[in-house]
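To start, the structure itself, in structure tokens.
Labels run A, B, C, D, E and F following the written order; every chain starts at residue 1.
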């Protein structure tokens, strides 16, 4: 249960960071409250790229762990 | 639905609530950062007022769209996982 | 109880962000440890404006909820 | 004072403590960011030392002032709420 | 090992796990910020892919090194504390 | 117990901020995944300086408390 809850917290944290990053990268001005066509497309791609970067870093982490590298956290 | 499931659901609801409040606070900070740059008065100027309003509404539209895309990617990941788990 | 606790956490988070934002916007250099008259005035106004922005965004959120718009969080 | 109130107070104290530690860590980060920009030595230089000291003291003064204004606004909000709740 | 110690250890493990997930998410954000700047496609370009990979690997190496130095400083602090506590 | 746990959380938070700050200050580009000699030296010094700044701010806080100054948090 606790492990599942942490996974959910991490997912929520990742979602929040994604929202923030893609807003910074794709939404430039606030003259209108609707996203323009260009901004909408940018946001969609940004979400995909962020997801892709997240997957890639997970893969790298797993490789490093399998190579027996010590944890990045102090013991 | 047993006690464990009830507890899990309550924890989930609590976390979504916390997350919503966090998103909200982050939105206020973001829009304040971008819209409010002068301090010659205590009240928001007309320009700042309009900017914060548009920023907030735009952020909600943005977060909704991100949520939809995120949901699609999560679902696809779940489906891919199921396929790999399926016996041949 | 739990709802009240979350409200308090959110308020504390908002306070911290306000402290940080107003420090960035109003305090420019560290030759002295006291706030100058100009910095003090700026900080007072910054707090009022941040509070005002917070109220305004809350109003907008309530309007959007009443209009039946779906939640900003994925379900 | 019953058990519920005692638990609530303990939770409040815990949260204020956590919040103070968070504010403190944020202050260290802020002052480090602004004051320390060279790494030719392990120790803080005289200039960095003075800068961090003034930054920290100034931040405490600043946070205290923000706290006072914030308290005034919170109190006013409470009073406004009471007035609206009051029977005519 | 009694119940209190067991509970303490479990809390510690939970916190280290949470902290690792937080560090991980922070790393993804950092590398995304620095490496991904164009949105003409949904997939990471070759250049972005390489950048994110190098950024992540470099961050792990960096975090490991920071962890080692941090551990040394923590240990030294503990030893200094012991010496001061020691009866003369 | 709870006080000890909070100390650990604060220490973990401080560690994360240190990792982030020193990465920003010392690691400039990602052509290689290994830290260069210059970057490694910079990181070591950065950790020492961050630790030193942390200690210094703690000292300042204690002095302010002993001087009877009110808490920085609203009551």
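Throughout what follows, a contact is a pair of C-beta atoms (placed from the backbone, for glycine too) under 8 Å apart; a residue touches a chain by one contact, two chains touch by 3 or more.
Protein identities per chain, from UniProt: A, B, C, D, E, F = Mitochondrial import inner membrane translocase subunit.
A quick note: this is a predicted structure, and the numbers were derived from the prediction, not measured.
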item	value
Chain C onto chain F, rotation angle from CA fit, given as a multiple of 5 degrees	120
D-F or C-D - the one linked by more C-beta pairs in contact	D-F
Centre-of-Cα separation between chain E and chain B, whole angstrom	25
Centre distance in Å when chain C and chain E are each reduced to the mean of their C-alpha atoms	29
Sites on chain F at which at least two other chains make contact	9, 15, 26, 44, 48, 73-74
Chain E: positions in contact with at least two other chains	16, 19, 22-23, 31, 35, 53, 57, 63, 67, 70
Of all residues in chain C, those that touch chain D in their complex	1, 4-5, 8-9, 12, 15-16, 18-20, 22-23, 26-27, 30-35, 39-40, 43-44, 47-48, 51
Sites on chain E touched by chain F in the complex	4, 7-8, 11-12, 15-16, 19, 22-23, 26, 30-31, 34-35, 51, 53-55, 57-59, 61-63, 65-67, 69-70, 73
In the complex, chain E residues that touch chain A	14, 16-25, 27-29, 31-33, 35-37, 39-44, 48-49, 52-53, 56-57, 60, 63-64, 67-68, 70-71, 74
Chain F - residues contacting chain D, complex	2-3, 6, 9-10, 13-14, 17, 21, 25-26, 41-42, 44-46, 48-50, 52-54, 56-58, 60-61, 64, 69-75
